[in-house]
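In the two complexes that follow, subunit A is the common piece, with subunit B as its partner first and subunit C second.
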Partner chain A sequence: MNRLLQRSRHEEALSQSDGSTRPPSPQPARSGRGRIPRRFQKCRELETIVEGPANQKPAMRHSLSLNLPLVAADLRRRRGLGVSRVRLLTSAATALGFKARTAVWRNFSSRGGSVRASLATITLLFLLLFACSALADQRFPPPDFSETNHELPTTTTPPVRALWLHYLDVAVLLGAMGLAVWFIYRKRSRRGLFWLSIFSLAYFGFWRKGCVCAIGAPQNVILGLFDPNYTVPLVVTAFFIIPLVFALFAGRAFCSGVCPHGALQDLVLVKPVKVPAWLEHTLGVIPFLFLGFGLAFAATGTGFPICRYDPIVPIFRLNGPSLLVALAAATLLIGMFVGRPYCRFLCPYGALLKVAALASKWRVRVTPDICTQCQLCEHSCPFGAMREPTPGTVEPKLLVPERRRLGWLVLLVPVLIAGGVWIGGQLAVPMAKLNPTVELAERYLAQKTAPVDYGVMTPEALSLQRAEHDPEALLLAAANWRERFKLACLLFGGWVGLVLGIKLVSLSLRTRRTDFEPDRGACFACARCFRSCPQELVRIGQMPASELPGTGVAPQTAKT
Partner chain B sequence: MMSKQTQETPNRREFFRGGARYALLAGLAAVSAVLLKKPGTPLAGQTCVNRGFCRGCGAVTDCGLPQALSFKQATQRRSS
Partner chain C sequence: MTENPTNDPTSRRTFLRNGARIAAMTGLGALGGVLAGRSNADAWVWQIDPQKCVRCGNCATECVLEQSAVKCVHSYAICGYCNLCTGYFEPEPNALTTAAENQLCPTAAIRRTFIEDPYYEYSIDEDLCIGCAKCVEGCTRFGNGSLFLQIRHDRCVRCNECAIARTCPGDAFRRVPASQPYLLKETH
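Then we have the complex of A and B:
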């Protein structure tokens, strides 16, 4: 509001400096909240200044999109604006011209806001509707009703799913992946991707209840590699491999159109805020650490923490422990303002896909043809994946300290790994207590040295009673588990050191970009940025090509 | 400054990227091969179809998976 007031005051001042009252210029469509996005404000201001006199001088208006220096000179000469003021205004409108900017802005404001808000509201209402059943918590072990003669219902197991249905899941995954790649690279269609993600949300999310899913599959795979007695189902292997293979060629197509977790978070995204770079980098390490923890834990055979602490799956199942339901609600609430918080800052499979996407053969391009560096796509990514072009040449003087720092950081990586291994070794004993057998064995030994009276029969007392049957076997099993945990903790510690080291090195690497382009690893390939490019609008027929620079005249800008 | 958005020009970075891509692909192929060639894991019929639940599973009588074998042992012991 303050900005609008300032702008109107400024326009008033400008009109007074003209010495004439300008006729009201045609107002471009405003966004749903009645605010002009900041990146278009200078452009709008320039348009207001020029479009007034342009009513009398159409040639001037036409020339704007062709020759910005001419406009700048005209503004100085006719409007009497200072050099700095003119520079400020014209720097906002690049050689592309503000007409194209306004077209893009109209494209943004005509859709977007209200649709997003309605989708988010519907999704949240739907989830709230089922929140009551989700809060029904299961108790394990079941309560003792022996005094009231209440008969517990017999435990039922889910009916066997036919084998062909498992193969159908793989076929649907393959089909959806293929469609996603087609929508991203051939059709360049956000709408197609959106409906594909809705289908995936319905099929893999609510119908298949989030299982089988690619996110938890790495745990099965690692357990299958470590434990000779564990057999990984073929479907799980396929769900682990297929998205990664696609990512090696087409980036994170799985995240954009197939992952139900991402689809749900996309639905609730209303007003994305920009996460500061330092926070993004810091939180971006967590998925790799969670991946390492999940794999280390799964390799011991103790459990699958990635599945157990998944904050989205309780929504698909409309059931879950209270803590996880609360976590799910918090994730969705945060997801209204921070784009895909789970995918960016927690998802361990996303970390794997990120690494694979860094080596991908094809990459998402904002523009379908040429980049004019109009900067309109700069803020189009709600996930902070857009990267600015880097300066072409760097002074050799600046490179020397950078290279020295990089060298030190590369040397630091093995030190960090060694430190991580040492810390992991120290944590092996307390971590092993997470295993129920080890925990029971320790409680058994403690009971022997300092007996504790449990009073009524609690689950702990019951387990101790069972341990009395064969204590040697229990202690032997606990020793075996501890050995496994020792190896897993050493590996996990080393992994943490490696992740931190690589992160530090990557922050010190100088990347070269000539255009605005999405970061290979961070880009979810959601296709949101496509419509921010005037070239794309021309391609799909929403803007005449004549409004682009280099059409007809101004050949000096058509250098390729 | 404009630049034509065509395919990546071959350079050193792209060369390394290609190498990493095919190395990762080979790694994934190796993992798949190890998992599929494990004893008792033919392509069809011997993968768990019931998320590890043997009780109530229609395929348990003909199943040779380790969990199923131990389940059958346990149930036989209980019945005898």
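Then we have the complex of A and C:
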């Protein structure tokens, strides 16, 4: 004790004491402890010091416990505490506080993993509480620096982004949407859309780092509807509604030049390959399922998977978990050969826009003039959205089996929905484990029957301690979450059935087209097809009318 | 799509489309109304409740940023300015010096400055701090608890769903209004 006191009081005292070096603390036997992450090794060392080596009797060996006289000296120096009071306090602390704290610490990190709260410890804890109240709020009264008049620094609090900047985001969104519509329908300019998308990529992508974005907004909206405690910020509501309203009138103008995700993928597109129709249709279902999945998760307070597993945002942040960065790299790599893979086969907001665009007032046309069906635009679309004219007449014999098939498929839709609901109901309980509260409650109950050693100070062990604090509240909350999960899983199952059913029905519907035209839902309004049309080139005066198809001149200016 | 100009100017498809659009607009309007009624202009940000923090170390590793947006901050007003700071020094330090082997902080992000005998001031270098909470553990368990973790809003990218909040064993993360974005400690 004396030795340590001398050493720690002053640095010169250290050199006077029994030597400048100290034998290293013996390491305890590490068997039977389970795996402990590296970041907790410091805690392990602390625990070793408190407990002493495994082969010795546990002893109070933390430096603080050993340095009580030092603490007393420290306290005595602080103004406002007379020597007698300090003595009283330190003796009280010696008798109760530090022993109790060490006991708690030792119990807390005891070998069995469970807390052995002995009666003595509890008594000591209570006494410690009294001692603490006697010591006012702080264990070590803050000094008032009578000698140096030292001014206390203030804790810095870097401000949150100012509110007006968020409204600026909405204004920029509105402006960009308006510009996009103007470029698509009035200017019919691929170049304008290209520069607009570069701006959006810079502003919404790299400057705003992908947040706030419309793609994740449906989750906030659904959580706002389901959870009365969660209020959706107005900015997020605006980002959710504005692109949808535009889509109802002008198609997917948001995708064409405003969404940074689309802009980035548009930029890396080098050599688009045509995705086979069957694959396009199959993968095209995923956005709808992902939308349902994201909404179900958000509504049950389990997380926002659309944001969490976004494969583009790590690029905007130039930062992120390695798995997601790898996913982002893969998306861009695929995006070099498959046009906009994220937009077409994953984006859940794109699914919403697709449905809205089906009802749009105006539509993107390859040419506002008469289509001569020259087929030059057919391969200009890198996203597989160009639809060719259907044959004018239909063989009447073929109509009957087609109608019959359509009838069966329409009947199949409710069956699929019912099946989805049933499967969803079966999955409700296992899926609920994804909710952190439910997971903790289940682990807490499992711990009661078959204890698992989670190690010392691991997040798992710490969360279990929280559970033991108030098990009833936790179990009640978990039961509530599970109820909500049940509803969400039933709805999600039904949604999956509905999506698959509608997809099957839509494949059997016969649409009549007389011209080449972009599909309303699938078209991103990128304006690539405009300049592939000779009529368009004649209209804007880039080609004499005498060179219209038939003369063998194929315009090459599909890309900017 | 066929729009037959010789027949009725409104084809069946156009009629259906118009109906769907009006219905969708009404729905979006209603949704916007409900949300606007419930929402407030103030945005929400994530923050750590220091009283609930269990110092597990997840903040250093779970953040979506490579260098976590969670940093240790210091409430100087409740700091004891101890010479033997349990947030700064290793347990049983060789000496009470700033030598690296004595420091608890893995990145030496805490600066120790002599003020007057026997008081030392401790401040955090946020560029070095990784939010591992080792100092917070030492200070809270044995000291005044003036060191604690906070999300720094100049670094936080405000994920919709905070990746740390999801795994926080103490359930210490919560959304707070952006007008009061910090939960600073004023007592132990």
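Here is the rule we use: the second predicted complex is superposed on the first by the 388 of 560 C-alpha atoms of A that agree within 3 Å, B and C clash if a C-alpha of one lies under 4 Å from a C-alpha of the other, contacts with A are read in each partner's own complex, and residues count from 1 in each chain.
By our rule, a contact is a pair of C-beta atoms (placed from the backbone, for glycine too) under 8 Å apart; a residue touches a chain by one contact, two chains touch by 3 or more.
These numbers were taken from a predicted model, which means no experiment stands behind them.
In the superposition on chain A, A:Gly216 contacts subunit C only, with no contact to subunit B.
When the two structures are aligned on the shared chain, A:Ile370 is found in touch with subunit B, with no touch to subunit C.
In the superposed pair of complexes, A:Trp164 makes contact with neither subunit B nor subunit C.
When both complexes are overlaid on chain A, the residue A:Ser463 reaches subunit C alone and has no touch with subunit B. Of the two partner chains placed around the shared chain by superposition, subunit C is the only one that A:Thr154 touches, whereas subunit B remains out of contact. After overlaying the two complexes on the shared chain, residue contacts for A:Lys361 are found with subunit B and with subunit C alike. Subunit A is touched at more residues by one of its partners, and among subunit B and subunit C that partner is C.
Of the two partner chains placed by superposition, subunit B and subunit C are both touched by A:Leu225.
Looking at the shared chain after the overlay, A:Gly320 reaches subunit C, while subunit B stays out of its contact range.
The residues of subunit A shared by its contacts with subunit B and with subunit C are 156-161, 163, 166, 211, 221, 224-225, 228, 230-235, 237, 241, 244-245, 248-249, 356, 358-361, 514. Within the complex formed with subunit A, the residues of subunit B that make contact are 1-5, 17-18, 20-21, 24-25, 28, 31-32, 34-36, 38, 40-41, 43-51, 53, 55-59, 65-67. Those residues of subunit A whose C-beta lies close enough to touch subunit C in the complex are 7-8, 11, 14, 22, 25, 37, 39-40, 42-43, 45-46, 49-50, 61-64, 67, 70-71, 73-74, 77, 101, 105, 137-143, 145, 147-148, 150, 152-161, 163, 166, 209, 211, 216, 219-221, 224-225, 228, 230-235, 237, 241, 244-245, 248-249, 303-304, 307-308, 317, 319-321, 356, 358-361, 436, 457-463, 465-466, 511-514, 517. Those residues of subunit A lying in contact with subunit B across their complex are 156-163, 166, 211, 221, 224-225, 228-235, 237, 241, 244-245, 248-249, 355-356, 358-361, 365, 367-373, 514-515, 550, 557-560. Residue ranges of subunit C in contact with subunit A, taken from their complex: 1-2, 17-18, 20-21, 24-25, 28, 31-32, 34-36, 38-45, 54-58, 60-61, 64-66, 73-84, 86, 89-97, 104, 106, 115-119, 121, 123, 132, 134, 137, 141-144, 152-155, 157-161, 163, 166-171, 175, 178, 181-182, 184, 187-188.
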